[in-house]
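Multiple structures follow.
In the two complexes below, subunit A is the common chain; its partner is subunit B in one and subunit C in the other.
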Partner chain A sequence: MLGYILRRLLLVIPTFIGITIVVFTLTRMVPGGPIERMMTAYQMANQQQSSHHSIAGNTLSEDQLQQLKQYYGFDKPIIESYFEWLGKLIDFDLGQSTRYYEPVWDTIKERLPISIFYGVCTLIITYLIAIPLGIYKALKHGEAEDFATSIIVFLGYAIPNYIVAIALLYTFSFHFELFPMGGFSSDDFDYLPWQDQVWDILEHATLPLIAYISGSFAVMTFMVKNALLDNLSAQYVQTAISKGMTFKQAVFRHALRNSLIPLATHFGNNISVILMGSFLIETIFNIDGFGLLGYESLIERDYPVVMGILVISALLTLIGNILSDICVALADPRIRFGASNA
Partner chain B sequence: MNDDITTSNNKSHSNFLLEVIDLTISVKQGDQWHDLVHEISFQLCAGQTLGIVGESGCGKSLTVQAIMRLLPQPDMKIRSGQILFNGKDLLKLSQRQLNEIRGNKIAMIFQEPMTALNPVRTIGSQIREQIQLHQNQLTSKETHRLCLQLLMDVGLDLVEKREKNYPHQLSGGMRQRVMIAMALSCKPELIIADEPTTALDVNIQAQILALLQSLQKKYQTSLLFISHDLAVIAQICEQALVMYGGKIIERASIQQLFNQPQHPYSQALILCSPSRNHPCRQPLPCIPQAQTENEPEQQQIERFQGVLDEYQRTEKDFSLIENKAQTETVLQLKDIFKSFELNSSIFNFRKHPFYAVKNASLKLQKGKTLGIVGTSGSGKTTLAKMIAGFLTPDSGDILYQGKPLDRSNRLILAKELQYIFQDPQESLNSRHTIQQLLIEPLIIHGIGTAADRIDKAKEMLALVGLPDHVLSRYPHEFSGGQKQRIGIARGLILQPKLLICDEPVSALDVSVQAQILNLLVELQQKLNLTMIFITHDLAVVRHIADDIAVMHDGEIIEYGAAVRICDQPQENYTQQLIASTPTWPISDNRLA
Partner chain C sequence: MSHSPTLEFVLGLAMHRQIRSPWQKFKQLKRGYFSLLILAGLIVLSCFAELIFNSKALLVSYQDELYWPIFSDSIEGKQFGLDYEYETNYRQLKKTWQMDSSNHNNFVILPLVPFNPTEVDLLDGLYPPHAPSIENQHYLGTDTIGRDVLVRLVYGFRIAIFFAITLLIVEYLVGVFIGCFMGFLGGAFDLFFQRIIEVWSNIPFLYIVMIMSSLITPGFWSLVLIMALFGWMSMTWYMRSASYKEANRDYVLAAKMMGASNFRIIYKHIIPNSISTIITFIPFSVAGGITALTALDFLSFGLPAPAPSWGELLKQGVDNLDYPWIISSVVISLSFVLMLVTFIGEAIREIFDPKHKVYYE
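Right after this comes the complex of A and B.
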């Protein structure tokens, strides 16, 4: 098992290098870049100013252009600049943001706690809802309780989470004024005593969390329900009952662990997905998280930030996959990766 | 109603451990309830062993599920009757009282130990759990010691290590031993075993039966043993019930049942399993299916009696009917090796070849049948798949009519040899009609016009004894035996010269098995087919094959005439195999 994990970790290196090549060429191949963006901005500013004057100096000189290219590292051949970027990457140097003029890593670091907070909360609450609800639905399969909860689950599945977000924001923040309109915390956050700080964050987080969860709990609930239903008809549940257990004991001591195996398979993937958030929800609630940062950087052609986010999310996915494998192996003794006693 | 209870209490003076009175079990079909088990009654005394034998659908499993109150709710119910255990009606117990009896006083052993044990918990924890459920006065140390003792009792070694194993780490036989240990853990008064050896190889089956027998004596428990296999019941039980169509039609001691069966169905059932007392390759008696669902009893008896009369009339020729003496060699295998690699991954460059077939050489003459016998994992299916071209041997030659056959060209191969699979359910595409299934090979080979193909399909159906009108139906509408007939019809439609049958009857009931065996023999003679017949059942292979190859660990260890090998085995392993096949307590001059 340990050997297997080690080998999987080693495999991360070539996969990661492959990803960096793709990410780098993608950003280089796409038309338009920070210089073009700056030139457009400069031209627009110039045009407004000099609309009454003669058209002069509305483009950058060749020298200035060369300087800019040098500044962004566009003057070197693509291969050379790739290796330069990769070399910096190994030192955790993701370069400078062309928008904020500060190191990309700092930009990302600023948003990391926010994303982790939402990611972890969503993950935990989703499991806390989906597992008990799935069990309940499986035990009440075909009865009124099952149908009633199915309506909620189907609604959650059918309505995109950004629509839920807008509806929540309109109803509870705008109409009833129960919750703040957005943001991660209030402006006077730093001056509040700690109890109020916690309350403030919770107040801000409630609606976005509901929006996040509405999208993710439906699939998971059905996964739990179906897995448990399958296992309830398994022979070993009959064995358990013929041992003298009540049905409930048979479910919780025998069927449940078997039903959680499919959840374990998905556990790792959730980490990357949830940490990266959804830029739509972040936009709606004005949360300065990863998703919003990635979206804005893309629009503004802030390639160092885009590349940094892509690299980090790729790394998270790779680690998530390994985590999934470990979870599955922990939950299911039949799976021992790379064991030689097969 | 009150009177009923008092009478049942009075009855408890008799020393029956278990008494089933007028039990009727119904299943819900749409809005209506249909009876599957009709008013059956039987008794079991303490310390007794009772077998229930019958074919699938006869209600034997439902009966024991009813005793344990394990019938699937809400689709099935016990419509009437009583099940008295030590004088108490199990059907009137509360859930709590029932849980105290289940596992504690009555324990159950299931057919398939792999699925009956929880795959994600160690076997030790599953045994200890049952002890803790019923004997909560024991400390965890005592429970642990008892668990190890039980594992030793059922013949496992290294119990300290074994009890930490998960079910998948044990072999099928060991898993069934664990199930037995679990059943015995609370020293129950009654053990119900539902086909506990059906999923096991014949040599493992012999071990498990011997174990059950010795433990039954040691622990003084009663045993209710369900099986479709008469020989197994004969091996382990003192008495047997024969069930048919949800009714008990005969109860007798084993000696009496086998030597003087009273009911014509019992007689027919005994006669239709191939045995030494039956001449090889001569038709076995066939039990026709009931025409109506609720056949009157008299009509049933007449039907079975007809089968017996018919069988008595046919002449029995014990001088082995030699298949027509032909010396043309159809198939020859020379020094075949086949290995599979275990554990190959991108990081693991070491290869661990596992030889599934080692140095196999065979010769098969035209119009004859070669039986390949062996336990699971002996390489018999791998060998057959190489002959059929599904697998390529590592080394060695497969000569077909003296020439190596182009195994890569399935079109040529398919015309020469065809494969019939074990499970007719899984080998027929359930979304195709019978017509589509049958004419597909003809389409692939571009044989005939559309009308020709349908004619051909009808011809094949007639050959296997099915009417024309089944063409438009789907596989799920047929019984297991009928599906296997369709499988055979499909195998024969290209008129192959060689037919490879991989356990074609082991998924079928005894009476259906007899029909399929008769059909194969008849077809062989009619079409001059050469057959390879793979099976684990020595009685079947003795009946149908001219020659037998016994395989063990990938090697052919004994090869020769079928009757010679079955009656005078030379090799140690073959002798063991034959010794572990359950035998019948039959005097030689019975019905025949």
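Right after this comes the complex of A and C.
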């Protein structure tokens, strides 16, 4: 098993290099990178300062430009600077943000707790809803209870989570004014006693969490339900019952365990969702997490930060995939490690 | 000829299956069937949107001569006795002729909603957005710069649905082609594409689109291409496993022995045998395409302004919650269309689902 995991981990390396090289190359091809952006900012500042002066002399000198390019590593060909970037990465140096003028890692670290909070909450609540609901729906398959819950599940499935987010924001924050309009916490958060702080965060988190969950619980519920239905009609359940087990025992001791295998394969995907959150939901609710950081960095062409986020998300996804496989093997003893993973 | 009872039974089953074709089964699933009818109706209607939602008149009768402005080049105001040389304002023309008591046989027939999607309607002395009103013929109001919301929804729907369908065709063509060869040929070809797919599907798609759209101003076709570039993997993966399974069946081996070429086996045997999987995925791909385009437009990285788009309306609605008609009309129509598509998808999935769930209690 250890050998298998090691082999999988080694395979992460070429894939990781593949992913980063594609995005790195693209960011280099884009005109109007950070240097151009800084030059325009510099020019505008100059013009505002001395609008009566002549235009000449407002641009950076060739020397300064060269220095800047060297500073950000734009003076070398793509492949060379890619490997330079990769070399720094091994020392955990993600470079400098061109927007905040601070190390990328510091920028990312600030957003990390927020994204982890939303990610972990979403994950836990999703499982807490999807597994019991899926079991319930499977046991009541075709009955009124199944149809009634299907409506909610179906709505969650058909409507993308950002539309749910917008609808929630309008209805509950704007129209009924029950919840704050966005953000992670109130402005006076630091001055509140701790009970109010907890309440404040919960108040801010309710709507985004509902939006996140609406996107993920539907698929999981269906998955649990269908898997359980498959297993219930399998012969081993029939055998268990004919050997004298009650139906309930057969479901919870045999069928359920097998039905959770597809959920385990899904677990790895959720790891990356934990941190990446959603571009859209974070922009809609103005939550200062990873998604919003990525969005803003892309708009501001702050490519060191973009690459930093990519590194973290890619590693998480790849490790998540391996974790999925391990989870599957733990849940299903029939699956052996080392078999071809094709 | 005498059949054994079992053979008769099997033949009977086969007959039964043939008679109940997938389409007939689909028709019996009322929810999916009616969703398909409604959606098809909406698509056909949107194809003729110019006849119903247009600022040009359907028909103008002036001095006993008939004009069809929608079907002709722009007609100057002078033509109708007005004092300007640019394109006629037909809404004004209609009003003028209606007010004019000496006018007897000149008339204008306007479309049902007399606005076009990029036209700014400044009502006298009022700043947009205008609330919905039947009197102004802005049935769902206007957006923040005075364009009719209903008209933009209709034209936006047409763009979104055809975008999704085009994207689907491109993705499926690539996916089916590469996927079949991967599963069928195996070996180095398969391994190579496996790696590519693993790398490709881990690249955050939104990043690429956002970086790309700062490189080039995306249009309909370039956006289809960019999105297809990052969306071909899932179909490829499904076709790979489908053809991998089929490739080891006896009939494929038989075909091979008879000298059929790889291409012929894929085209004549593997694809027809996996067509049900492909069809099952179509509605979900359409929903995905619409959602993705709307999300991109919402983030303003999609189709450039002033193209009518649902995402752009959504953005306006979120930024201007004080004007609820913008946000509610787009959220409701988007949800409605996605529901229709998903209902169709569920029905299709049901007809191709070989399992009929039975269990003991």
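Quick note on the criterion: the second predicted complex is superposed on the first by the 312 of 342 C-alpha atoms of A that agree within 3 Å, B and C clash if a C-alpha of one lies under 4 Å from a C-alpha of the other, contacts with A are read in each partner's own complex, and residues count from 1 in each chain.
To be clear about the criterion, a contact is a pair of C-beta atoms (placed from the backbone, for glycine too) under 8 Å apart; a residue touches a chain by one contact, two chains touch by 3 or more.
From a predicted model like this one, the values you see are computed outputs, not experimental measurements.
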- Give one of first, second, both or neither to describe whether A:301 is in contact with subunit B, with subunit C, with both, or with none. second
- Query: Once the shared chain is lined up, is A:61 touching subunit B (first), subunit C (second), both, or neither of them?
  - Reply: neither
- Message: Which partner chains sit in contact with A:195 here, subunit B, subunit C, both or neither? Use first/second/both/neither.
- Response: neither
- Message: For the three-chain arrangement built by superposition, which of subunit B and subunit C touches the greater number of subunit A residues?
- Response: C
- Message: With both complexes superposed on chain A, which partner does A:241 reach: first (subunit B), second (subunit C), both or neither?
- Response: both
- Which of subunit B and subunit C A:27 touches, first, second, both or neither: second
- When the two structures are overlaid on chain A, which partner does A:163 contact: first (subunit B), second (subunit C), both, or neither? second
- Shared subunit A footprint, subunit B vs subunit C, residue numbers 238, 241, 342
- Item | Contacting residues of subunit C [partner subunit A, same complex] | 190, 194-195, 198-199, 202-204, 206-208, 210-212, 214-215, 287, 291, 294-295, 298-299, 314, 317-318, 321, 324, 327-328, 331, 334-335, 338-339, 341-342, 355, 357-361
- So, in the complex, the side of subunit A touching subunit C is made of residues 14-15, 18-19, 22-23, 26-27, 29-32, 141, 154-155, 157-160, 162-163, 166-167, 169-170, 174-175, 229-230, 232-233, 237-238, 241, 247, 276, 279-280, 283-284, 294-295, 298-299, 301, 306, 310, 313-314, 317-318, 342
- Message: Which residues of subunit A touch subunit B once you look at their complex with the stated criterion?
- Response: 7, 234-236, 238-246, 253-254, 257-258, 261, 331-334, 338, 340-342
- Note on the structure: The answer for subunit B against subunit A in the complex is residues 68, 70, 95, 99-104, 107-108, 110, 112, 115-122, 129-130, 133-134, 166, 168-169, 179, 182, 342-343, 345, 347-348
